[in-house]
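Per-chain numbering from 1; labels A, B, C and D assigned in written order.
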């Protein structure tokens, strides 16, 4: 079992820079978190961009699609900001034979209390047993990407009405 | 989506008691961890026993089987010590229509660095998409329970030869 | 031994709000951190304001001075943003018989890795053995407040040249 | 400012070994914790032994005394198990011109929730401002070592009656 992880930024990777009193997106956390979890599958991490997903453009999404299409692996995990996760997922439609799972977190992985570890685990658990398609794993749930939306007021994902 | 969680003890729930300089199994951690992860599925936690799995008896396993059989839910998550997880799993064979996933951890959930959160997430991600059967989710992998064993020297689960 | 803690905001208390993708100053962390550390001295926490110290005004500092002067306790701990900690400290000169120690942190207490716990401990350790005066406890050092400055490029406190 | 740290074991350094289902004393944590706290004083860590303090012998204490006496530094920090901290402290009486502070923790530093960081900070804060003597820094308090005892039922240090 081998997974290719594309990291694109988002809250999961945010870090605090005291010098500027700002939070910015730092190095991808998925590799250290997988190591902490002592995972035994093969994985490679490919950092595509480091963006807050509110700032992602159509061109950014085209780049992500190209990279995913070019990946030799069938199993694709994408870490992504939550605010436009569904938009990027929609842009990956039509890539045959890929299982693609998006995840991220509402609190940075660098926080003591965070949903990052559970979300990553949930994404990986689903990725290896799902049929080809595009999914979002958030809040302990796994949704087909086209059937879910973020409830921003509640900071959680819900099925579309 | 609703999950019934049976907790049986194991390293995942270990706590340190200074007064006796010993580590013992404390309150189940799965509820607090699900809350930290902001999960949106329904779940109920049922503590069956608090044992190191090396000390589990046949009678203990009979009790676990009774409880699982009596559960109204289809989706069953069992937290369990890793050393005899496969033995208990073998005792649950033949319960129709249940998806049963075992998980646990090699380092206690109360540690700063632990595989507990990722393992729980992985178990939940797989539980909701797998067909009925008995599975073990450890090391970021999901295995049919009858096809895996613990490599104790390496503290990890591997496919049976 | 009894300590009055005045909290004024600063990075130590920062929290992340997903709904707005912003970091803001949340509830004071000193009480939970003292509880985690199992401290046995008496303390009371008084929240004066919740500000990034770059936004503190002369009026804010006048309020802090009033509150400290009115405190019945001799031992005063003030948590404060690091950028203008020395300015506020300078405004407390001339309060007789008080031992006043400022502390804070460069990474939020809610982060997994943070200087907050060590800084708070250092401040408390010094507070109970120092003579009356105004001090800053940061980076594991205790300085008379008038003899230290923040090196912002390095995010640390250093003796004035 | 330069500190010599002698590590002797104790709960502060305990780690969990899954292969044996036991907790043992691991590598000293004081160095990593000081690094996390971004301390700016010089320090050197000298590991003397790795023992649960209940297992310390008179010979062990003689070794600790020799090492402290031989240290070129005036400021000495000793991390030690809490159960016999006061016995070891009593054996260091009569070393001239040294400020010696003992600390440790009731929960291992590797736990998410632990008193280790606050205790280390408290010890360091006191160490640099105290006159020569032997002290114990625990529970946010700093005591002359001869005037304190551990209340084992409550897992905390208290003044001697």
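By definition in this document, a residue touches a chain if its C-beta (ideal position, glycine included) is under 8 Å from a C-beta of that chain, and two chains touch if they have at least 3 such contacts.
The model shown is predicted, which means the values in this text are computed figures rather than measured ones.
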Intersection of contact partners for chain A and chain B: none
Longest centre-to-centre distance from chain A, chain (CA-based): D
Rounded Å distance, chain A centre to chain D centre (Cα mean): 43
Approximate Å spacing (C-alpha centroids) for the pair chain B, chain D: 37
Shared-contact residues (touching 2 or more other chains) in chain A: 106, 112-113, 155
Chain contact graph, described as a line, ring, star, complete graph or other shape: ring
Chain-to-chain touches, reported pairwise for every pair that qualifies: A-B, A-C, B-D, C-D
Residues of chain B that touch chain D when the two form their complex: 11, 14, 16, 18-19, 21, 23, 52, 54, 82-83, 106-108, 110-113, 152-153, 155
Touching residues (chain side chain D, partner chain C) in the complex: 1, 33-34, 36-41, 106, 113-115, 117-130, 137, 139-142, 155-158
